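Across the two complexes that follow, chain A remains constant while its partner is chain B and subsequently chain C.
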Partner chain A sequence: MAPLRRWGPVATLVVLAVLPWGLARHQLSLLTDLLIFSLFALSLDLIMGYTGMVSFGHAAYFGLGAYGSALLLIHFEVPIPIALLGGALGAGLVAWPVGYISTRATGIYFAMLTLAFAQLLYTLAYKWRALTGGSDGIAGVPKTALWWGGPSLVEPRAFYFLILVSFLVAFVLCRALVRSPFGRALQAIRENERKFATLGQDPRRFKVIVFVIAAALAGLAGALSAPFRGFASPEAMFWLLSGQALMMVIIGGIGTLVGPAIGAMVFVLVQEVLSSYTEHWMLFTGAIFVLMVIFLPGGIVGAARRRFAA
Partner chain B sequence: MSLALVVDLILNAIAQSALLFLVAVGLSLVFGVLRVMNFAHGVFYMLGAYLGFTVVARSGSFWLSLVLAPVATGLLGGLLERTTLRYIYRRPPIYQLLLTFGLALVLEELVRVVWGPSALPVDPPAGLEGAVTILGAVYPRYRLFLVVLGMVTGVALWFFLQRTRVGLVIRAAAQNDEMAACLGTDVARVRTGVFAAACALAAVGGVAAAPMTTAYLGMGIGVIVDAFVVVVIGGLGSIVGSMAGSLIVGIAQTWGGFYFSEAAMAIMYLVMGLVLIFRPWGLFGEEE
Partner chain C sequence: MPPILETRRLDRAFGALRAVADVSLVVERGELRAIIGPNGAGKTTFFHLLSGVVRPTAGQVLLKDEDVSGLSAAARCRRGMSRTFQITSLFPELSVLENVRIAIQAKRGGNTRLLGGRALLARTEAGAREALGFVNLEDRAAVPASTLPHGDQRLLEIAMALAQEPDLLLLDEPTQGLGVEETAATAALVQRISRERRLTILLVEHDMDVVFNVADRISVLHFGRLIAEGSPAEIRRNVEVQQAYLGDMD
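Let's look at the complex of A and B:
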């Protein structure tokens, strides 16, 4: 395990940096998609794995980020980083009152509340045609430049690296966060919220803050997806995406930082392979997922750790 | 606002509540006894509607479909509980939610494979077509039937749980499953039975809804989110809570839809938010 631990990240980085030159256009776009989902799943694991708050409405913030950046890019043609910042901030801002209300409940009630709020936001996006384009969404989102008059990001490889860097920044940030005193507090809340409260701290304050951070990171993932795909649509806020993010986290390994990325990879690749054989791929992903929940509760990372530890 | 309109709105709200109740009460019961939030519950509602369509198409009898479809759905539910959920009761509750989410995906896709993607219309049974006039309001007969169906089911369920021996055992298992097991109750069987019965109830709702809404893909998800709101408002595990919650949501949906059209959904969530601020465990729920 030790050499894997030391050289694994370096090797992964090298592969991710070199890979774009060895891939066909379609494969590169799949890899880019994969990184966006990895970032999204990572943000969910921050609240789900490290704080024990299972959100069933995380897609709402992905979607808010997508709409935020799409609107900024289309109407103001701002440089991409500004659009990313705008999308992330917008998602975090909306998450604040939602988190404030939802954290009044815990466990299943919390999950249901986040789902209900996400559905509310989804309906809003669906019905507010003037702003969001309704069910058509916003199409023609441009890939603008890195800064005003700076290098353009239209080239697929350039955009890939933008997303790779965003993912790495978010990853390092999450790593620092879970190892900080604040992160320790979150894990203490996960283990025993009542005990944590008796130590004289208000767990809800921590929970609201981490909920907002996770939503902002999900927003960042969404904000990246809008210019990458060229559109933002209400589907990005639908419960199905929230559920898929949960699947990625569980498949990869809950409560780990690499787990969600691995889960996203497995999920996207399985979907890609299955969908080339059958249009009813959801049948098989669903069944695989059911089996994984029963037989592999720690996900792939959990199983690997057990194996190497033994 | 005329009297006829008021009557119309009230009846609509109650009919809507009745359908919601049939779904929500099963969700609530399953949570009370199995401690599982069943994400697949809405899919069983949808399955009921589709099976109902097939029975009506083959036999021509709506009433037969109201019996056969729920029985078949209940059997399938019981089978799924035995083969999947049973093995993970000891895990944290979120794993059960995720498992049922996986089941929901599989079942939804299966329905698409078997019945195809387009919506299937079901005719109301003979004798319940057309409309009647109540206090000046012209009202569809079929919706009155829904009101009666919801009320009868609610009362019957209450009697069953409070006044029969099986009901007593179910309540005992809900309150303390270990103690119930010590006293000789086969808790595993109770769980399977309750799960199957809840699925059957949802299917009754689906069969009954189909003449109004048609049977369509996605109807399960629409209803499950509403049912979640109902049980969160009413409190999980409480029949009275499901009734109250269904009424509140039904009224919010129909009256909100009348006054604010687009904002109807928002009102439902607003009510839920208010309830949770003052009673985080729901109106009739108990703090865990």
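Let's look at the complex of A and C:
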């Protein structure tokens, strides 16, 4: 375990940094997509794995981030970092009241509230044609530059590295967060919310804060996806994506940060491969998911830890 | 100096059942007070009313002369009242040390530090180790709380409350589920806390040996009412108390 602990991250980084030169264009594009979903799943793990809040509406914030950055890029042609910041902040801002209201409930009721709010936002995106383009979405989102007048990021490798760096920053941030006093308090709330309350602090405050942080990071993932794919559409906010995010987190290993990132990659890759063979790929991903939950409790990372610890 | 804790005509009904009925009592600073009563006497409900887990239907709870009846459990804890639960209540997957640290940071603030906080963590760790040392759990600091034997889990919960440096400590049946030796050790610990820390302790306890050995004063609840109060010797002689307990046996 120790050598894997130490060299695993370094090796992964080297591979991720070198890969773009060894991959065909469509492969690089797939890898970029994987990183976006990794970031998305990572953000869900903060609330789901570390705080015990299962959200069925996490896609809403991915979608909000996507629309936010798409609008900023199309209408104002701002540099990419500003679009990313805008998307993340927008998602976090909307998540605040949603989190405030949803955390009045716990467990399945919390999940249902987050789902209801997400579907509400989805409907809004679908109907508000003037702003969002309705079901067509917003197309032609440009890949602008890193700063005003800087070179554009249209080159696939350049955009890949933008996303890789964004992912790494988010990952390091999340790791620092879960190890901070705040992060430990979150885990205490997950373990025993009533006890936490009798120790002198209102758990809801913590839950709202982490909900907003997770939403902002999901928003960042969405904000990256819009210029990468060139469009933002209401599908990005649909409950299907929220459900898939839950699956990514569970497959990878809930409450491990690195697990959900891996789980997202596995999920999207399997989907990619299967869908090239059959249109019934959902049936197979579903079956794989069921098998993994039964035979790999704790997900991929949980299984790896058990194996190396033994 | 005002009493540390006072209840005025405290009442709690669950439907038609008056679990706690018209209870007025005063606990002075430094006292080790036991609350006893036959099963279903309303002891646990009374404790929940004091700590804010359950709200009263009527009456008041005063902590250091301040009416805290409308305050949440969290707010009462911040004002100096720490409690343990009858059924051990911990953060099972977190380490023993972490359990105590969360308790300290919840009281003193610091749990909201988002990033870093290394100095803060080190500071609270010292306090946490001190509290663990007091209950002899220091060498188990690193293991998850769930792996401790039952008796040690109960001690850990006491350590968490102690680490908060409260003015008033509420212990809800600390010997619940313990063997004979552990029970004696816990009784000794409660006395040590009372003497060495000069802490006011309110104790709900089933084990009569423990109660009569450690308590300065005893209050007896029966069907939600306060039927007697006095020194252990007085309570032992009290006819009404004897009847309450004997009546419970048939």
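Please note the rule applied: the second predicted complex is superposed on the first by the 310 of 310 C-alpha atoms of A that agree within 3 Å, B and C clash if a C-alpha of one lies under 4 Å from a C-alpha of the other, contacts with A are read in each partner's own complex, and residues count from 1 in each chain.
Convention: contacts are C-beta pairs under 8 Å (C-beta built on N, C-alpha and C of every residue); 3 or more make two chains touch, one makes a residue touch a chain.
What you are looking at is a predicted structure, and each value in this text was computed from that prediction instead of being measured.
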Exercise. For A:L283, select first, second, both or neither according to whether it touches chain B, chain C, the two together, or no partner.
Key: first
Exercise. Mind telling me which of the two, chain B or chain C, contacts the most residues of chain A?
Key: B
Exercise. Have a look at where A:L131 lands relative to chain B and chain C in the superposition and call it first, second, both or neither.
Key: neither
Practice problem: Mind working out whether A:A11 is in touch with chain B, chain C, both or neither, as first, second, both or neither? | Solution: neither
Quiz item: Given the touch rule stated above, what does A:V293 touch, chain B (first), chain C (second), both, or neither?
Solution: first
Practice problem: Answer with first, second, both or neither: which of chain B and chain C does A:L113 touch in the superposed model? | Solution: first
Exercise. In the overlay, answer first, second, both or neither for which of chain B and chain C A:W239 touches.
Key: first
Quiz item: Does chain B (first) or chain C (second) touch A:A197, or do both, or does neither?
Solution: second
Self-check item: Complex contacts: residues of chain B adjacent to chain A
Solution: 31, 37, 84, 87-88, 91, 93-95, 97-99, 101-106, 108-110, 112-113, 221, 225, 228-229, 231-232, 236, 262, 265-266, 269, 272-273, 276-277, 280-281, 288
Quiz item: Quick one: in the complex, what on chain A touches chain C?
Solution: 173, 176-177, 180-182, 184-185, 187-188, 191-192, 194-202, 205-206, 209
Self-check item: chain A residues touching chain B - in the complex, by the definition given at the top
Solution: 54, 56, 101, 104-105, 107-109, 111-113, 115-117, 119-120, 123-124, 127, 239, 243, 246-247, 250, 280, 282-283, 285-287, 289-290, 293-294, 297
Quiz prompt | chain A-touching residues of chain C, taken from the complex the two chains share | solution = 51-53, 72-74, 77-78, 82-83, 85, 89-94, 98-99, 101-103, 105-107, 110-117, 120-121, 160, 164
